[in-house]
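Shared between the two complexes below is subunit A, which has subunit B as its partner in the first and subunit C in the second.
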Partner chain A sequence: MNKDDNTKRRDEILEILIIDDNEQITKMLTTFLELKEHRCTVVNDGKEGLAIVKKNRHDVVLLDLAMPEFDGYSVIKDLEENNMLKNHKIIVFTASTITQEELDDLLKRGVASYILKPIDIDVLLAKILDTANL
Partner chain B sequence: MTLTERIGEEMFQTENPIHELNRMLVRYDLTPNQAKVYLFLSKIGVKTASEISKALKIPRTETYHLLSTLQQKGIIFSVFGKPTKFNAVGLEESLEILINNEKNRINELELGKISLIKLWNIIPKNEESEDESQNNKFQSLQGRNSILIKLEQMVKESKESILVLGTNADFKRFYFTEFIELLNNTKSELRILTDHSSDKPHIFESILPKKVKKIDDKNREDFCFIIKDDSEVIFFISDNKVKEMLAVWTDSKAFVITLRSLFSLMWKKSHHVNETDTESLLGSEITYKHRLREIEQEKRILNYLQEHFQVLENTRDKN
Partner chain C sequence: MLPIKHTLFLISGVSSFIIFYMGVVNLLTSVEQSTGMILLIFSIFVSTGTLLSTIYMSKSITKPIEKLAQSMTEFSKTNKISNKDQIKTNVKEIFELNKNFESMGIKVERTIEMQNEYVQKLKDIDRKKLEFISMVSHELKTPLIPILGYVQMLQKENLLGKLNEKQIDAVNEIYTSTIKLDRLVGDILMTQKLDLEKVDFNEEEINVSELINNVIKEFKPSTDVKKILLTHEYEGDTMIITDKDRINQIFSNLIKNAIDFVPENTGKITVGAKEDLTDIKFFVKDNGSGIAPINQKEIFKKFYQIDTSTSRKRSGSGLGLAICKGIVEGLGGKIWVESEENVQTTFFFKIPKKPIKITIKNNSEKI
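Entry: the complex of A and B
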């Protein structure tokens, strides 16, 4: 077998961590992902999210960049400083105005992928599955 | 009654200025009787212990003790002869000596502190009692000064965050104290939720506006607290109308987390002091576009869910 232990088959149930301060989106997204039989953990705060990422292993982490107090950039920076960024499959999930250059930089540093809001829900799921299978 | 005895009696009557001097010398680490003996010798000049004892109506044994202590302090000296006589150093010089004695004592205490801590650290800890006392300590703080000392200590020691909730009236008692300056200089993340009126001076007006938010009047309750690093809190339990300030300090995790959650909820709902309701709703151009994208994303997920549940219901109806 070529793939490492973190790699999931496309029909496998995924453990997904969603870190986003928008409670409406996290609620709806959880309902959607659970309909697709995946398991979600939701945190609406960057600091709390970082603590969970450090403690547990999820198949995919959906991370919003623009959050009050402790934002997604701070989460990435902290993980990077602790050499933990590449241990997690983090998808930056953002509605922020962000340049391609900035996105490329995030990928270079160890972020697995990115999703720019708004995105069609089927495309979003495909992206999550693709990242889990990286 | 001899002349010396009469002078001794009259010297310390309440209307005599020496009585006030006696009271003031006590602040320089002298007991009332030590001050009395010193002032008596300063005014009268050389006297024997027995003459001093009779004039001031202090028992002879105690007088010897007093003289010995004053000699050790360096503000009286003995004159050779039999019987031994005593005289006092001038007042100005004596005050200088007493102040220096106090300074030396403080220096010794400072030096002693290091050795004391070293010694304390080599004594093995009792693990069981340590665990019990690690959290859930409650300390009642009474009076402005004891509260202020604790507040200043919390701000000084803070490494992560300081969250302040309270009105101008709650904190006005700390005007012109180091507390506000410490808040201004803290390296920790500072957030203040307070009432605000642009026409009245406010205790937090020197703090950067982005760190201060207005408490929404609809959510205003009469409580006031300060949280340090999500690990300690001071909770004021008396309102600003009561003369004596009362507060409780605790490191109880449950207590701190509860108040932290309350603070976060209120912070989220509140606006910055220089922001109108419309400005806070629209924000900058970037925030506006960001919000539109978020709303569009919500719409797309919601549409999917709506369609999905419609299909489910239709299937259920057909069955």
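Entry: the complex of A and C
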């Protein structure tokens, strides 16, 4: 965070962390994002994902809200309790129903952005770039 | 009304007095004083006996009846027998009466218990049904994410390689059907929530003309493509308190339907509102083929389609109007259609400008 060149250029290669228990989804996302020449790290488990978020900096974190046991909400809550939520650029997404108020609440707490399903890959990329450039 | 105790005392008092009086009269009018005296003493015994037996009767009959009356009053208020087995009596009729009352009471208690159990069971079934549908919806939507992702990658020339024309057609068809399926799953969940009254409605102050302008702005791109004229018809500056997202959802469903039914190039869709003191009446009017009177009520039913030849063109899930109806009714309003075949169709939905407070809703737990 203390780097001056924190703002990424549009064409820069981004380090993206994907936390989602569904391997088909993570494979699709990495296929797409790597074709767009970004680098992806995939974690299929919330707890492990949280550890990596805390340890290494990524330009953007894609976080699935609905995961078994340790879900996206738990990841957000843990980061929030450690005052680290605003240090990370987290984009949440889910295939479950979520209300606008719940999304607004997440944004207010410090989540950078969200993507509604069905995921449109153009929208996804635009949000990733916007978020990285925040 | 006179309590039974008083009645008994009244009767015994009067009869004792009559017997006593007759004794005195006998004494005074009797030829032989000794006979009169005997009669007087006899009458004193009889009237004392009457009084004593009245006291006894009052204890053994009126006390238990009073108690019974008390527990009946109690029962009618609480549906519970409070003092079971407390009425002691030697009088057969009262014993029977009390026994029957108690067994009736137990039956009523049990029936009410059973009824409560059924209500609870029905609520559980509703909750489980919604949980299941929510789960199914999640499970169905999850695989659609990678399907859509790859299809969109295929649609782009520069990602997975260039496709020939037939392949592009095929991929586009897959894309359309996948989007349709995704929407259908969402709509099924929404109709279930509306049916079970598990939809939470927000309340916020919104400007009607802003609302309509935003609707026009949202749909302008899709009507422009088909050269359909999309206009608005509302002059005013009214503020209403309602759920903006849900109102937008209704407009979105109605306008999408209208786009499917108006002719390209000459199609016209008008969005507007009229108001009176308490309500606002929104409308979406189109110059499409119209809806026959026989179908005008039916179209709000789930999966209702007027005829199969037009349904293939439709992009909707068949649940759009049912959802509109559910939302409007949830907002305390009503929705209807007026149409002249081959001339025009207007969908109206009227809602209160301010929500009417209903406090019956106690089962609005979110899932």
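Convention: the second predicted complex is superposed on the first by the 129 of 134 C-alpha atoms of A that agree within 3 Å, B and C clash if a C-alpha of one lies under 4 Å from a C-alpha of the other, contacts with A are read in each partner's own complex, and residues count from 1 in each chain.
The criterion applied here is as follows: contacts are C-beta pairs under 8 Å (C-beta built on N, C-alpha and C of every residue); 3 or more make two chains touch, one makes a residue touch a chain.
Here the structure is a predicted model, which means the values were calculated and not measured.
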item	value
Clash or fit, subunit B versus subunit C on superposed subunit A	clash
Touched partner set for A:N22, first subunit B, second subunit C, both or neither	both
Touching partner for A:T31 - first (subunit B), second (subunit C), both, neither	both
Touched partner set for A:I98, first subunit B, second subunit C, both or neither	neither
Which of subunit B and subunit C A:P68 touches, first, second, both or neither	first
Partner chain in contact with A:D120 - subunit B first, subunit C second, else both or neither	both
First, second, both or neither for A:I52, with subunit B first and subunit C second	neither
Overlap of the subunit B and subunit C footprints on subunit A, listed as residue numbers	22, 24-25, 28-29, 31-32, 35, 66, 95-97, 117-121
Subunit A to subunit C touching residues, read off their complex	22, 24-25, 27-29, 31-32, 35, 66, 95-97, 99-101, 117-122
Partner subunit A, residues of subunit B touching it in the complex	189, 264, 268, 286, 289-291, 293-294, 296-302, 304-305, 308
Interface residues, subunit A side, partner subunit B - complex	22, 24-25, 28-29, 31-32, 35, 45, 66, 68-69, 95-97, 117-121
Subunit C residues touching subunit A - in the complex, by the definition given at the top	134, 137-138, 141-146, 148-150, 152-153, 159-160, 178-179, 182, 186, 189, 200, 202, 245
